[in-house]
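Chain IDs A, B and C follow the sequence of writing; residue 1 opens each chain.
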Amino acid sequence: MDKTLQVIVMCIVTHLGLMFFLFPSDVMETVDVGHWLPILVGYLLHFAFVALYTKGLAYYDRHDLIDIFLTGGRTIAVLLLLPLAVYFIMVNIITVRAYSEIITIVFLSNTPLWAIMALLLTIPTYIAMTGIESIFRTGMLLAILFLPIVLFVICVSFHNTDWHYLFPLLERDSFNFITERPFLKSLFIFTGSFLFLGFVRPTVTYNRRRILIASWILLPLVLLSVYIPLLTFGQDTASMLQFPFILAVDTIDITWLMFDRITGFFLLGMVTFVMLFVGLVMWATNRLIHRCMPRVRPEWITLMLGMVIFAASLFVRDWGSVHRLFWWNSIFRIYAFSVIPLATYLFGVMKARKLQVSP
Amino acid sequence: MPLLHELKLRFASDDDIFFQPDHILHIPVVFIGLTSLLDLIQTKERLTKDAFAKQGLAADDAGLLRQLGESIDTGDLRSAVTSLLSGKMIVFHKPSETFIAVEAASKPLTRSVEEPSDESVIHGPRSAFNEDIDTNLGMVKRQLNSDKLAVKSYAVGANSRTRINLLYLENQVEPALLTAIIGRFESNKELDVCNLQQLSRMLGLPSWAAISPYIRTELPQDTVHYLMRGKAVLLLDRFPCALVLPNDLWSMLAVQNDLNYPRLFTLSFRLLRLAGVLCHILAPGLYVAVVSVNPEILRIEMALTVAQSRLGVPYPALVETLILLFVLEMVMEASVRLPKSIGPTITMVGGIILGQAVVSAKLVSNLLIIILAAATIANFTISGFVNSISIRLFKYVILLLAAFYGILGLLSGMVLVCAYVSSVTTFGIPYAQLARKSRG
Amino acid sequence: MIKVMRRLCRILLLLAAVPLLHGCWDNKDINHRSLPLVMGIAKQQDKYRIYLQIPSSDPQNPQMKVVAESGRTVTEAVDRISMNMESQVDLLHLKVILVEKHFAQEGMADIIEGFIRARDISPKAKLVICNESLERFFENMKTAIAGNQTILCDFFDKNAGWNPSIAQTHIWETFRSIHSYTRDVIAPIIQTGKDTIIENVGSAIIKNGKMVDRINPNETLLYYAFKGASTQGKIEVLDHASVLIVNNTVSHHGKIVNSKPLLRSTIRLKVSVLETRGDPTMASIRQELEEIEAKRFAKLFKKMQLKEADILGVGQYFRTDLSRSELSHWRSVYLPKAELQLTIKAIIQNNGNLKTTGM
């Protein structure tokens, strides 16, 4: 059944969940002026790799990533997919840990971390257990419920902006960021949530071109996530903040609303999207592990996975270690971001060649 | 006469049966039937008329009698018993040892077609299903004039036979759904179906689901609409509702009668119901979250008012809310049980006396009363009583999470509910299928 | 079998939630929290003295409560107050931060940063400077106020008692000004009055979190006119008439001439005549208005240049012309030699119910 719309919504929603927290401050660390440049570069990279990835997948009908790589032999498949599995698990640990920390910083200062992490893991574990089609439907429902709130907050967040902070648009030596650490860190929002496309093929079909077109919706959103705090505070102030977007939303004063701090709703709306993201990644990880251990029921794998992630998150001591872990994960991230799509594409091309030769 | 004897033995403990020697025209016969189910005098009259009309067609007496109904083999006790239980009369002709089951005038055990009692309709078709399966089927056929309407009839149950009709539109219905239902009916024929839990067991549907797998409706109009959307409809004898399979989320928001209004109103009615759903499941949780975990969300003026209203309330917001919710649920349950004439009393006791007293005794804050009253009203905007029950249950999950995590709990409760709702499927068709698929 | 497994999984998940029943960590009912509206901060030698104005939630006894405590940090003092009160002090709803003048002149960058860091104080809280000692201020307030608990908030609320002669600055704006190269803020100065409870006596120029000078209410109005904020509803008194400002628009154009910033600004005021003295013509009223405003403005600009405090945010208009490194010297190098060509155009929109000759 064609589920293009659901896939698009899922992509947008999971990206939304990731982009408003750590990303703005990473971009502001990357450059002082011309923030659009690293954003655009990051986005174009993302677009190119998504295009490659989906193209590669399109060569195979109803095969998921594992099937595709298995056509090249068991060793190659293991070699290619093992780092991916590690990456997925690490993403889960980092996301759960980082978001619980954000919630304690911003919202529930007295609640112990483990309690929040337990919540942030229980619900995704349940979501992951219900299976991919159900995840998509959950995504749709959440989008219908929470996207209006999120869009409303984004719209009103222009309340305190000063357009003069847009300038200067560019300075001469502003291309040096590509190899810098914050830039590589900032790429994370693009990497996490398109890889799942490779795992949904057996049950869900989608229109590749429509997805690529729809992914342009992300660009303005990503730009807003950086530019709204920038236009509200200016680079000098905004770069000092841990979560610039949150504070920018915090400054909005709407007198006719019944609620005072709408950041709460915005932030937590995002957290629900993150739960969905974690659920999705857990499901993908589950698929990978299940292939290695076909005897064990997928429900149990997911449950064990949840527990492992919970335990691992408990071991991360402080915010600094989160950042360090985040940085270490960059290697895997770049691998997952570039090598996997490339390999998929190559496998696809090879299959197409074989087909051309054999008949 | 083995069959007559066997019948007598079979019904030895049932004084309802009569064996009455009589004549049709000049032929001596014995009428056998159940007094409670048939009207003997009318039946006799009809039989005589019928026999008179057919007098010339048959050569002998037995032949004439055979013209009047279906003959039963002398050894076939089972079909004789079934005929009797379903309200037919058996005519026994002693000389030729013939048993004939004839249609009898039945005693009026069914109410006539009435207005719906559980789903009121404003300015729409008003006839509602009643207990008689044939009447119900007729009403559906009246409403839907189509040669594509297929009816499959089943009689299930080992101890008590229940008639079940399966209705669907040949060109609309999902083939997988149809084969699944028919397969279940064929393989579980021996299970008794006296209530819907048993029906669910027969159909192999999960028995612990918080969302009912059927849509229940007592309106032929709605039934036809669901048929046209490719769903299957079950009619049970002695059950004044049509059961529509599978249920979907949309049925919570949409009533067929909406379409009898201009589009704008249709849309606004449905939006209103959506708001009702959200209000009902979120309002109590929001109160607890805002009052006890995240008061910074409120404007200061509101916060002060809320604090004022809670002054002197002895227990935490969660307990307060739970107590009042419990009372409310009891009022609702009680008013369902009560006869219509005493119903208003409970409204008064529950609403005025209890509500007023509980506030002035400072047991709960008056703001909470307002919120819960609004939430309860919101619950009844949802279409279908069964749907409103499941929503009632979800509220508690969200309430508990909100008490622990505040607004975060509220929203993650929503995620949980959404995930649950999305994971429910009936015969492989998801409950939360939003896109309506039209076939043919 | 799968169903049993699933059910087991669910039960396990439910069991995992049981330990949660132990704690409601952030759970404290609103009637057990004190929600102070105003925080007064003074400095005595090395210690902060903190005053909290807490509205009472008891309708029988609507007395305003003011509690005070000293501490080496703001949080220490608040903590002490909380310790001695019957309910927990929650700063979440703080609306006004009242700073004693002496302390403001010493510099309050530290506490502002603290407020932004801790997040329980809303960044939307307003910064106000008190012209008299806080002790006396709160004493006077207490005797004057009977029922209205939110009087100080209402005084600055746009929907209640605010008018454009009163400066209005939020904590986040002050924070931004501390770190911005091109922007300073003004904060209102108040004291208790004889007839009205609160009296506005002008505004303080705050540079890098330090009060360096003050301006009078008329100049504050000009400040808002220059910013393009609405000064609607304000009555201007001239020698021969008094007029009501109905609408105001501004346009700015900045450019660098001979490494000297030159700003051309036009302020258009639409007014309606309320009262006249003698028999002035409309033209003369208009001219008088234009002259008086221009003169005031020149004075304000001088003051600003002298103190090197860019309260008008003039630097913002040169962001396209100067590089970031040049902008960082804006206050010390460019602002003092900046030139402002201001044209004020007054339009008399109507003259009320009476006909006046000589338009």
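Basically, contacts are C-beta pairs under 8 Å (C-beta built on N, C-alpha and C of every residue); 3 or more make two chains touch, one makes a residue touch a chain.
Treat the numbers as computed from the prediction; the structure is a model and nothing was measured.
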Have a look at which chains touch which and call the overall pattern line, ring, star, complete or other.
complete
So, comparing each chain's Cα centre against the centre of all protein Cα atoms, which one is closest?
A
Chain whose Cα centroid lies at the greatest distance from that of chain B:
C
Pair of chains joined by more contacts [C-beta pairs], A-B or B-C
A-B
How big is the gap, in whole Å, between where the Cα atoms of chain A centre and where those of chain C centre?
39
Distance between chain B and chain C based on Cα centroids, please, to the nearest Å.
63
Could you put a whole-Å number on the gap between the CA centroids of chain A and chain B?
46
If you look at chain C, which of its residues touch at least two other chains?
20, 23, 26, 93, 120, 122
Where in chain A do residues touch at least two different other chains?
108, 111, 115, 126, 260-261
Identify all positions of chain B at which a residue touches two or more other chains, and write them in rising order.
293-294, 296, 300, 404, 406
How about chain C: which of its residues touch chain B in the complex?
3, 7, 20, 23-24, 26-31, 33, 35, 37, 55, 57-59, 90, 92-93, 95, 120, 122, 149-150, 153
Per the contact definition, I'd like the list of chain A residues that touch chain B in the complex.
5, 103, 107-108, 111, 115-116, 119, 123, 126-127, 130-131, 133-138, 140-142, 145-146, 257-261, 264-265, 268-269, 271-272, 275-276, 279
State the interface residues of chain A toward chain C in the complex, per the touch definition above.
32-33, 105-106, 108-112, 115, 118, 122, 125-126, 129, 162, 164-165, 167-168, 171, 232-234, 236-237, 240-241, 247, 250-251, 253, 255, 260-261, 297, 299-300, 303
Within their complex, state which residues of chain C touch chain A.
2, 5-6, 9, 12-13, 16-17, 20, 23, 25-26, 93, 116, 119-120, 122-124, 157-159, 170, 172, 175-176, 178-181, 183, 313, 316-317, 319-320, 323-324
Can you tell me which positions in chain B touch chain C when the two form their complex?
206, 208, 290-296, 300-301, 303-304, 306-308, 310-311, 313, 316-318, 403-404, 406
